[in-house]
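In the two assemblies presented below, chain A is common to both, partnered first by chain B and then by chain C.
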Partner chain A sequence: MEKNSAMTVFYLKTDKNPKAGVSAFLGRMLSQSLADAVLVSARTPHSPLPMPAVITDPEKIEAADPLAPAAPFNAARQAVSILRHESGRKIVLVLRPCEIRALVELVKLKQCVLDDAVIIGMECRGRMETPIYLEKAAENPDLTAAFYRDPGLQDAVCASCRICTRFLPQAADIAIRVIGEPTDERIGIVPQTPAGQDLVGRLGLSEGPDSPGREDAVANMRDLREQERERAFQETAGKTDTIEKFQKYVAQCLNCYNCRVACPVCYCRECVFLTDVFAHDPQVLMRRAAKKGMIKLPADTTMFHLTRMAHMAHACVACGHCSSVCPSHIPVADIFIKVGNEVQKRYGYEPGRDLEEPMPLMVYDKPVVE
Partner chain B sequence: MIYEKPRIGVYICHCGSNISPKVDVEAVARFAAGLDNVAVSRDYKFMCSNPGQDFIVNDIKQMGLNRVVVASCSPRMHEPTFRKACEKAGISPHYFQMANIREQTSWVTADSAHATQKAKDQVAAAAARVAGHAALTSREVAVQKSILVIGAGIAGIQASLTAAEAGYDVHLVEREPSIGGHMAKFDKTFPTLDCAACIMTPKMVEAAQKENIHLHTWSEVVSVEGFVGNYKVRVRKKPRYVDMEKCTGCGVCQQKCPVKVPSEFDEGLAFRKAVYSPFPQAVPNTPVIDKDHCIYFQKGKCRACEKFCEAAAIDFNQADEFIDIVVGAVIAATGFKAFDPSPLTAYGYGIFPEVYTSLEFERLNNATGPTAGKILMKNGQPPRKVAIVHCVGSRDRHYRKYCSRVCCMYSMKFAHLVREKTGAEVWEFYIDMRSPGKLYEEFYNRVQEEGVHLVRGRVAQITDITDHPEDAGCLTVVAENTLARRVLRVPVDMVILSVGLEPAAGSDAVSRMLGIQRDADGWYNELHAKLAPVKTAASGIFLAGCCQGPKDIPDTVAQASAAAGEAVSLLSRGTVRTLAEISYIDPDRCSGCRICVDMCPYSAISFDDGAGVAVVNDALCQGCGSCAAACPSSAAGIRHFNDGQIMAELEALT
Partner chain C sequence: MSAFEPKIIAMVCNWCTYTAADLAGTSRLMYPHNVRIIRLMCTGMLDAKYVLKAFLEGADGVFIGGCHPGDCHYINGNLKAARRIPGIAAILEQFGFSSERLELKWIGASEGPEFQEHITRFVETIRALGPSQAATAMIL
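Then we have the complex of A and B:
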């Protein structure tokens, strides 16, 4: 995707209801036949918790609520389920930055094709853990609008979001701008690629100058997050810097593999931990027990986390869903984000930054001879 | 398939006194007898001997063993021996596992108790692993009856002639306009002082005339695909702009061409034309047009060569031509390049006109060279005093740590020739004089007797600052005579730098194309330094000459003949067996991410778009395991090294 050097900002009026503003914007894409379908987080009749939904009928689009501070999982997986092959349909995807990053990695891993898809990325203030979101939503029926005006609510986002510094939708065709914007009045729409420009151009939105204080708001948010991240990394390092400490860190693991299922970049059809390799013969377990006098079951829990880390740390998009789904409340994401950050730094690789950026170990760099 | 309970026989080898006193082999054998599935456990002096192998054969037959472990030396040494014994007794050769308790244990472990414990662990791991072995199969494929030789110096020419003599088709590819390589530049050769041209040109002509040698000069190999016995090779024939069929080699074009270019063949000491043959005895003698210097190609005018060519052989419209050939074996003979001494600024090369490299001196001394073989300085006068500096770039931790092997001998050859031709005083500065070889020491003695000053000491500096007015215009060589323990300052007219040898430019690209390894210095790695000196880890690829390491002409010719012998041996067998220990991809587990496709160094994995999974070509796969390591879901695995087998081995160790 080519980047525009000078970004033009268009504005959507929100009238104190940013959710309605965005859904109307998406609805026009369907009614003007600019898109055949929109994949977007939307409320269902059964729960206030927004779930990814494929919407084709402009009448149904009002359910869309991508700005809600909730995400039960990383929607890149759901995006893959409709992008597996070329479909010939024009699909608009509304995703969070971490979801876009995961999707880019999955395209590199040939798990889907972007084809004619247009990615709309939201600037992301974070998501709440699902139980917290449900609690707050019960107290406040208009939680989405309240979230953008109330810093108290913004502080209730999950641990991974609090340390996320990549909250701008870098690889998106169109960005939905909320940071530093008066969201009760308006939110920004910024085309970032020719495809994005083309789509926005057909919607006849009004252009406007950058909101005052916008740049400062982004910089402040990044500064705060970086400080918070540094602190979190140090804390996690203290808990995991020896193998004994790491074993303690994951000691409550049940081998439920929820973290692996939630991980958007764990793309294997069948995880190696479900194969014969780890389905030990009773003889093996007895021999292990005999050697130490006692072994814990299930076996291989530390091995599982280390193996998964070796497989995907370079591609970790820091979405934090592995922590969110852990029934034993192990802060899986804290260690994965930290290790991912170190591995990625070493390879000069940023997952999800660019479709053309080759994955580490897939390319041979000539050693630099001094 | 009928499930058989594993019945393992374990055999611990003493290896004479290599394993036995350090490792308590009886204790290891007693330990092994108690391991799961082990039916019998023995120790013996030499398991690889006939009686040793008979234990295995008899136990398999009489005790119904179906798995065998031998704890002895490296599998690279005797795995084939014991596999054959298993086969002889009627079980699959893959039902065998070797524990290397010699190289990995007895030779390298100081403490005896520690070594014995380690040997026990290794045997336990091998026994746990062998239980999970599968009987693998492979198939025979036909071998193409032709050979590719890359590089037509003396190594490539010799290998080609030997193989062609045996009746095989040889494709000899040379990137320069003529075959001959470095040896064609030499005048005399040590130690017998044969004229290089006299012994070289007949071989060049023979290579050109042999019906089954196909010369591809001014050509480069651009790709090699396939596997032992069946390599698909693509050769790029660069445009000569002279029609080889029509050209009579009369040389008129070279006379008429108005452009002068420093001659690469003459090391820049003379000029050639833009249309040129590198030297008078070039094979083929069809010239090439150097597009970068040709006025017609650069400015669109001239065409003098075309005008005067009676045979109408000039063809400015020639373009790259690609030739596809299929061969059964490849001989790499890519040679060397001489070390460039410019970075050693203290020696003044490129600054003082009378400082020469050894290759420049070869041309200066050559009858077809710029001075017609007279050793003259740039002012046309013969030198009165000449210094020869050994080990320039070699045995130097800043450049090349190794000894280039040929420099001492050629330096003494130079000393002899200078004495003989000019009577000049010769000063040789050496670190150690190395003359191992038939008649080499005798040559050293002869040069000593000829009155050459031999100074043991590394030259510190070559300067144009002279100590006495009568030496004005001379160069001063500053060195310590380490035997006399004093510093010498020797005024000379001419200095020859005996530069070392480095791998040829582009040899790294060739090694990647062929899938062969290079050592830390860039030389191609042979399979075994002593027992497989011309084979490589890629079967069907052989090495000849300096590409494997610095060597002189006698060694090069011997090695080239050996490489041809190995290649001919492979070709005359007619078939090769494909590897059994190769990769497989489980289509039910493959996610289709294609990481393995990009990782495979042998291009053996393709993607089946219909099924959406990666597929291994069993004839191309060399079993390196890159795919298995890269595949996160273990859909890709290596037979005989699958996850289950490796985990079983680890389980037994921990």
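Then we have the complex of A and C:
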């Protein structure tokens, strides 16, 4: 996706209700037949927790709540479920930056095609862990609006979001701008590609100058996140810099593989850990027990985590969902994001940055940068 | 306590380094007995799991030997292996395994003396590094 050098900003009025502002914006795409469907995080009838939903009826769009600080999973997976092959229907996807990054990786891995898709990316202040979101939503029925005005609520986002420096939706056709914007009055809509321009152009939004303080707000947020990230990386390194320490770090792991299921870039239909490769013969287990006098079952916990890293660390989009789903509350993402960062540096690769950037192990004629 | 003898796992390509090892043997070239050789049909089949498993089972060093670029019998398996290694090494380093413990070299079928040389040097490097932390740790 090409970038425009001069970014024009259009504004949506929100009247203290950014959720309604965004859903009206998406609704117009459906009612003007500019989109056949919108995939967006939306409230379902029985819970305030937004779930990815495919909405085709403009009447139903008011459920859309992409700005809510919640994401029960990385929606790139759900996006893939409707983009597996060309459909001839124009689908607008509203995603977070880490979801777009995962989607870009999944396109490279030939899991889906983007031919029919227009991607709207939201600037992301983070998501709360689901139990925290539900608690806050029970206290505050208008949590989405409150989240953007209340720094206290913003501090309640999950550990991975607090160290995320890629909170702008880089590879999106259209960005929803909330950082440094008075979200109770307006939020910005920024077309970033020709496809985005075309779509926004048909909606008759009014242009405006950049909000004062916008750039500083982005720079401050990036600085804070970078500091926080450096601190977190050091802390995690201290806890994992020997194999014994790492084993202590994952000591409560149940080998449930939820982390792998939640990971958007762990895309194999059948994980090697579910195959006969790791369904050892009893003799093998006995032999391994005899070697050190004892073996923990299920076996291969350390092997599982290291192998998963070897398979996907170069593509880790730092979404944090592996931590969110761990029943043993192991900070899985802290170590995966850190190792991912190291591996990505080694290959000079940034997952999700650009559809045209080949994945590190798909090219072999290039020497590896050190 | 007896002196430290490193345990080295060498995963080598059938067509080149394995043949070189054979040649070193038939030419009666001496090389350290610390090496356990595992034959691969091509370094292109080197799976990260093999390397990780070797280290977790207590190998002090892992040596990979493949055909020189351009000589791989499967065209580019060796280049793929070469691309994989830095990622595996980066992961191992995070958990305290020095990247010097994992090495990839191109050794052609006729290079028996080179095999001897590389293995001797690698064993010395590992000897100087000392035993791997996983040699005694219980791997869970």
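Criterion: the second predicted complex is superposed on the first by the 363 of 370 C-alpha atoms of A that agree within 3 Å, B and C clash if a C-alpha of one lies under 4 Å from a C-alpha of the other, contacts with A are read in each partner's own complex, and residues count from 1 in each chain.
Following the convention adopted for this analysis, a contact is a pair of C-beta atoms (placed from the backbone, for glycine too) under 8 Å apart; a residue touches a chain by one contact, two chains touch by 3 or more.
On a predicted model such as this, the values are computed, not experimentally measured, just so you know.
> Touch check for A:His329: first (chain B), second (chain C), both, or neither?
The answer is neither, since A:His329 touches no partner chain.
> Using the superposition on chain A described above, determine whether A:His311 touches chain B (first), chain C (second), both, or neither.
A:His311: touches chain B and chain C.
> What is the contact status of A:Leu361 with respect to chain B (first) and chain C (second): first, second, both, or neither?
Both partners.
> Tell me which partner A:Val343 touches in the superposition: chain B (first), chain C (second), both or neither.
Touch status of A:Val343: second partner only.
> Touching A:Met294 in the superposition: chain B (first), chain C (second), both, neither?
After superposing on A, A:Met294 lies in contact with chain C but is clear of chain B.
> Does chain B (first) or chain C (second) touch A:Phe246, or do both, or does neither?
second
> Is it chain B or chain C that touches the larger share of residues in chain A?
Looking at chain A, the partner in contact with more of its residues is C.
> In the superposed arrangement, what residues of chain A touch both chain B and chain C?
Chain A residues touching both partners: 272, 311, 361.
> Give every residue of chain B touching chain A within the complex, in rising order.
36, 588-595, 598-599, 630, 632-635, 643-644, 647, 651, 654
> Contact residues on chain A for chain B in the complex?
The touching residues are 109-111, 267-272, 275-277, 283-284, 287-288, 291, 311-312, 359, 361-362.
> Spell out the part of chain C that touches chain A in their complex, as residue ranges.
48-49, 52-53, 56, 76, 79-80, 82-84, 86-88, 90-91, 93-97, 133-134, 137-140
> Show which residues of chain A lie in contact with chain C when the two form their complex.
237, 240-244, 246-247, 251, 272, 292, 294, 296, 301-303, 306-307, 309-311, 313-314, 335, 338-339, 342-343, 346-347, 360-361, 363-366, 368, 370
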